[in-house]
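Order of writing sets the chain letters: A, B, C, D, E and F. Residues in each chain are counted from 1.
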Amino acid sequence: MTASLRPSGRAPDQLRPVSIERRYTRHAEGSVLVSFGDTRVLCTASVEEKVPPFLRGKGEGWVTAEYGMLPRATKERTQREAARGGQGGRTMEIQRLIGRSLRACVDRAALGERTITLDCDVLQADGGTRTAAITGAYVALIDAIRGLKQARLIKKDPVHGAIAAVSVGIYRGVPVLDLDYAEDANCDTDMNVVMNDGGGFIELQGTAEGHAFRRDELDALLALAGKGVDELVALQREALDRP
Amino acid sequence: MTASLRPSGRAPDQLRPVSIERRYTRHAEGSVLVSFGDTRVLCTASVEEKVPPFLRGKGEGWVTAEYGMLPRATKERTQREAARGGQGGRTMEIQRLIGRSLRACVDRAALGERTITLDCDVLQADGGTRTAAITGAYVALIDAIRGLKQARLIKKDPVHGAIAAVSVGIYRGVPVLDLDYAEDANCDTDMNVVMNDGGGFIELQGTAEGHAFRRDELDALLALAGKGVDELVALQREALDRP
Amino acid sequence: MTASLRPSGRAPDQLRPVSIERRYTRHAEGSVLVSFGDTRVLCTASVEEKVPPFLRGKGEGWVTAEYGMLPRATKERTQREAARGGQGGRTMEIQRLIGRSLRACVDRAALGERTITLDCDVLQADGGTRTAAITGAYVALIDAIRGLKQARLIKKDPVHGAIAAVSVGIYRGVPVLDLDYAEDANCDTDMNVVMNDGGGFIELQGTAEGHAFRRDELDALLALAGKGVDELVALQREALDRP
Amino acid sequence: MTASLRPSGRAPDQLRPVSIERRYTRHAEGSVLVSFGDTRVLCTASVEEKVPPFLRGKGEGWVTAEYGMLPRATKERTQREAARGGQGGRTMEIQRLIGRSLRACVDRAALGERTITLDCDVLQADGGTRTAAITGAYVALIDAIRGLKQARLIKKDPVHGAIAAVSVGIYRGVPVLDLDYAEDANCDTDMNVVMNDGGGFIELQGTAEGHAFRRDELDALLALAGKGVDELVALQREALDRP
Amino acid sequence: MTASLRPSGRAPDQLRPVSIERRYTRHAEGSVLVSFGDTRVLCTASVEEKVPPFLRGKGEGWVTAEYGMLPRATKERTQREAARGGQGGRTMEIQRLIGRSLRACVDRAALGERTITLDCDVLQADGGTRTAAITGAYVALIDAIRGLKQARLIKKDPVHGAIAAVSVGIYRGVPVLDLDYAEDANCDTDMNVVMNDGGGFIELQGTAEGHAFRRDELDALLALAGKGVDELVALQREALDRP
Amino acid sequence: MTASLRPSGRAPDQLRPVSIERRYTRHAEGSVLVSFGDTRVLCTASVEEKVPPFLRGKGEGWVTAEYGMLPRATKERTQREAARGGQGGRTMEIQRLIGRSLRACVDRAALGERTITLDCDVLQADGGTRTAAITGAYVALIDAIRGLKQARLIKKDPVHGAIAAVSVGIYRGVPVLDLDYAEDANCDTDMNVVMNDGGGFIELQGTAEGHAFRRDELDALLALAGKGVDELVALQREALDRP
């Protein structure tokens, strides 16, 4: 019986309850509070009419991301990165992943010479903060793009397809979907999968924590991820259809 | 008619709607979302069983604060301090003020050799973030202290009295209470007042933005601040009385 | 008898011996060594024909301050901030206060697109370094402005009024003027007051170190500060009248 | 004809010429110059009889990695990270990957309370520096472990299996093995695969640069990676068998 | 006629007027204001009862130096190193030179496990700040050592001999002693020479600014330096003989 | 018998075996691996068509150097400066010396508005890294200049004469040439001498490690240095004559 396997009692292929709340704060062009269970990430999209130096004058836009964690989003207080004097390796790795993932669905020429920055700040962490961040940032991005279209600053929609992300892993020998912290801290393999709504892969990052994972385990994980992303994309659409 | 004076239509001596939501996140020993109108600050209290080096072995505890602002809490996106490589002067000034203010109501010997860190992170800014932070951090502090008492880690209550803070200023020649951003950006004098529930002053920080302020103006501002703090202390009590 | 109250034997309303020595170093446009008793601060005013980015092209000037302390200005050697990798919170707080205070007496449009930087470096510390710095920096500023006028770089005098600062506090229950280190380290309330020569307040920063201070104590402190600033302004004038 | 596909004229499933030179420098416990074509990385293994704070007293060792690139390893000179004031996000991401990969084959209890640091410094870059680094660092690690065994500092061999890494990608629509810079800069999908000699996966990091990659493309890439790692493991063995 | 050669009208082998003022500030164990003409450096010696980690438990003391320049010691304002986030290369080079030079006359075993830090802060710069700093720091060091002897913290005098420093250079083809800024900025060769009172060399740092210098020029420079150091040592003695 | 004096068995006036290998890496305009015995430094010359801000529009070029040491170039692993957050004092001192030395043989007007950066990275250290770096960087510089001439980017040869460097010191009372680590760590006096092929001095940096050195010792050291530089210049020429 699977109920006894996962600490949360979920079935192996079951996502945590996911909620996507748009317009969570009022200043940003897109502002989404996304929850994957107890993981809560505030994702804002900020539009600025400038591009980084390496793109100036090329007629292309830029999409980038920054990631942060409030000091007490975690069980033990984590030192504030601003107080420590800079972003750590984990933060940089995650924000680079979010940025690459979202750029994968944007036609930067159609965006025009402007930058959209996706700030993903974890208010509460319970595993899967980066996948929640990507899933929420996509919705914030769409809201920002809608604003640009309404203001007639862009003509052609620069976004093609939808992007969502989920983690999968092998927990006590069983492939499971959307790991929470209790599972993440004890799993053998942990993989973050970013996919589009056509079932194509955008990013795949798998790590063997305990023993190396076999090809058949990988296949099972990818199938779970595909199911999870399909459900997340449906939830994104639902949220974006709300007025 | 005063309604026409303030952009918000408030009376000169009227606070913005204030809400104090406890247990906003689940990991911290105290976690409060405080709102002064559109200003929203998440205040968490973290208890750690250690003290800074200068206090080791002295049998006293420590209370300190850190302050941060999410990049898009503001109208224009502000660069993330962690990405910039350190906390700026304004941040340091504010977190030092919050720390001093809260220490003013704590008997550090009764607290024992432990540190309570008050993290105040602004989710949305509309003026008065430091006064909202102090007011909310006090409630988070009390929740953390209650936890220590319940766990029988401390015997004597280390907190004496209540602490709250409010801004006052001279806007278009009129002394007003609890400035929002529209007022703050255009006022002549801006003062942050931290008081206790006995009407005593803890901190007073007044700045003449336009012209120097006269003694009679100062008197009027202090009276307004006293009224505001009384109301805030009542709201803190109400919040703390909720189960 | 008050002689027994203050460690220095001063009357409660008595300033320390104050000296203001102009042209202390020769390169700066204004260079003042100010002493409040054993506290000695070198204040230089540097004129540069440029403004910070946020003011470019607006036809306005800028006045800013930096503060530093030689490592052995203090009883115990303090680590050099340059060696520690940056300015600490206290330094930033003080230099922001000095800058705001001096800007309060300058018409920045009349100054034209140039920056005056007031560097206040403490050679010897015995309490009250920030108030000595403000009082001395004002004199250095005037010397720099006189140079600009002589060079016919500005027409209209951009300075209105005089600015001076003094600390006041409650020491052993008695309000006293101009605290030295022995008093500062043991006082209940400590307030720095920046005023102009018209008796108007520019900055007011009061902190309850021991217990909260009452309204009547505040009134007594403000009266002392007014007396002190009047005397300091007279000393500034005297110094500026010397050839 | 495949010769026309790849700029180097290699077959799609062909590695670049690989060389593994042990004892390249004399101070390190392991020192390997690894070349994947024109990519040359110096990998040293340093043994230190201490562990990071989080492991002290736990009877376990640690294996970690640092990565660097000489400023002129690249076509255009890259600014030195030490001069820029810190390691960038790409560097951190890569060194974390190398460290995780090598830890996957080490029994840290058998290693005992000591740290092995793998420094991977790129002397010349032509694509695939991180996979060359992992492949070379494994050999340097083995040399360091052999030294510990010879010195009788450890009894049980802490290393299980071999680890090697290779990049695969889709270049002009064709899955290819071991991308050089010319291919890497123009490919649609880029994947770094770390595997052990049993065909198990240690790390999988795939990124869609152009369009999302399909499941059948992923399968082809994984097959190529498996072939490449098999060849690399054979070359590692050969190098380690040399006296 | 030499009067026309040097901008200051000095003879080629003539020092600037040198003054050495002891007890310039009151907290430091040694505090000396040294002037070489318009170059004024405040040198303090601070005694701390601890040694750096690499010396702990070895029964030896340490002598080290730090160097700084007030922002407006120079003609143009120099950015404050603390504000810039760290000490620059020139500062590090100079403070390492001062530290090495002073250590050369100290028997560190006789000093005992304590550190003497020589802080050399330039109040006004007109060339030759590092040689003035070394010359003044020696006097501050002796005052600090005298204090240790008076307090009977050390028995044997740890200082052997005297140390002084002077610059020499080739200005318009002529070897000259003790360059001021006007000469330093236009000289062909610039050499800083640290010697002891026995005529031995402690440090020699010569730089060809224009063309390479010949052996006979070097000989002439060294002779000048010897003469200058002899005079400086006499002035140090005179200052130390004053009560 | 001198063979017994030096740990390496060299005669007092004997250089270590020196090799100069050009085109060691392929991207840089000049790339030289220089070995002085077991000291191996990779020196690359990078040409960039820009100059630092202080030279813009002046029609002059710039030559600068950076120095680094791989973490395990040394007996004990040295912490990576990029990981430590910046370059240390020793690094800055050395790279400033290399830059000044090479600029001494370059006519910057003839170079035109471009920068040549000499990166000197120590792969293996056994004493004398800075003198090996200068000697090797000269050869890399010439290769870069030859490339500029071949590309007809410059007309007049901007380099006059050759530059080489060697260390000398007093080891066990005997002046010796080209100290290796075993000697350097135990010598009384250590001097780095940079000279040109005409026997002129470019830089002279001597330090008394044990006792002060006398004038006759200095003379002996300078004679040794002259002999060493002559031999090094011949080796540079030989290397540059190879096709």
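Annotations for the structure displayed:
Going forward, contacts are C-beta pairs under 8 Å (C-beta built on N, C-alpha and C of every residue); 3 or more make two chains touch, one makes a residue touch a chain.
Source: prediction; values computed, not measured.
In this assembly, A is the chain whose CA centroid lies farthest from the centroid of chain E.
Comparing mean CA positions across the assembly, the chain most remote from chain C is D. Measuring from the averaged C-alpha position of chain B to that of chain E gives a distance of 51 Å. Chain C and chain E, compared by their mean Cα positions, are separated by 33 Å. Centroids of chain B and chain C (each the mean of its C-alpha atoms) stand 28 Å apart.
Each of the following residues of chain E touches two or more other chains: 85-87. Starting from chain A and moving next to chain D, the ring of contacting chains follows the order A, D, F, E, C, B. Those residues of chain D whose C-beta lies close enough to touch chain F in the complex are 25-28, 31, 38, 40, 42, 44, 46, 48, 66, 68, 70-75, 77, 80-87, 91, 117, 119, 121, 123-125. Per the touch definition, chain B reaches chain C in the complex via residues 86-90, 92-93, 95-96, 100, 104, 191, 195-196, 198-208, 211-215, 218, 222.
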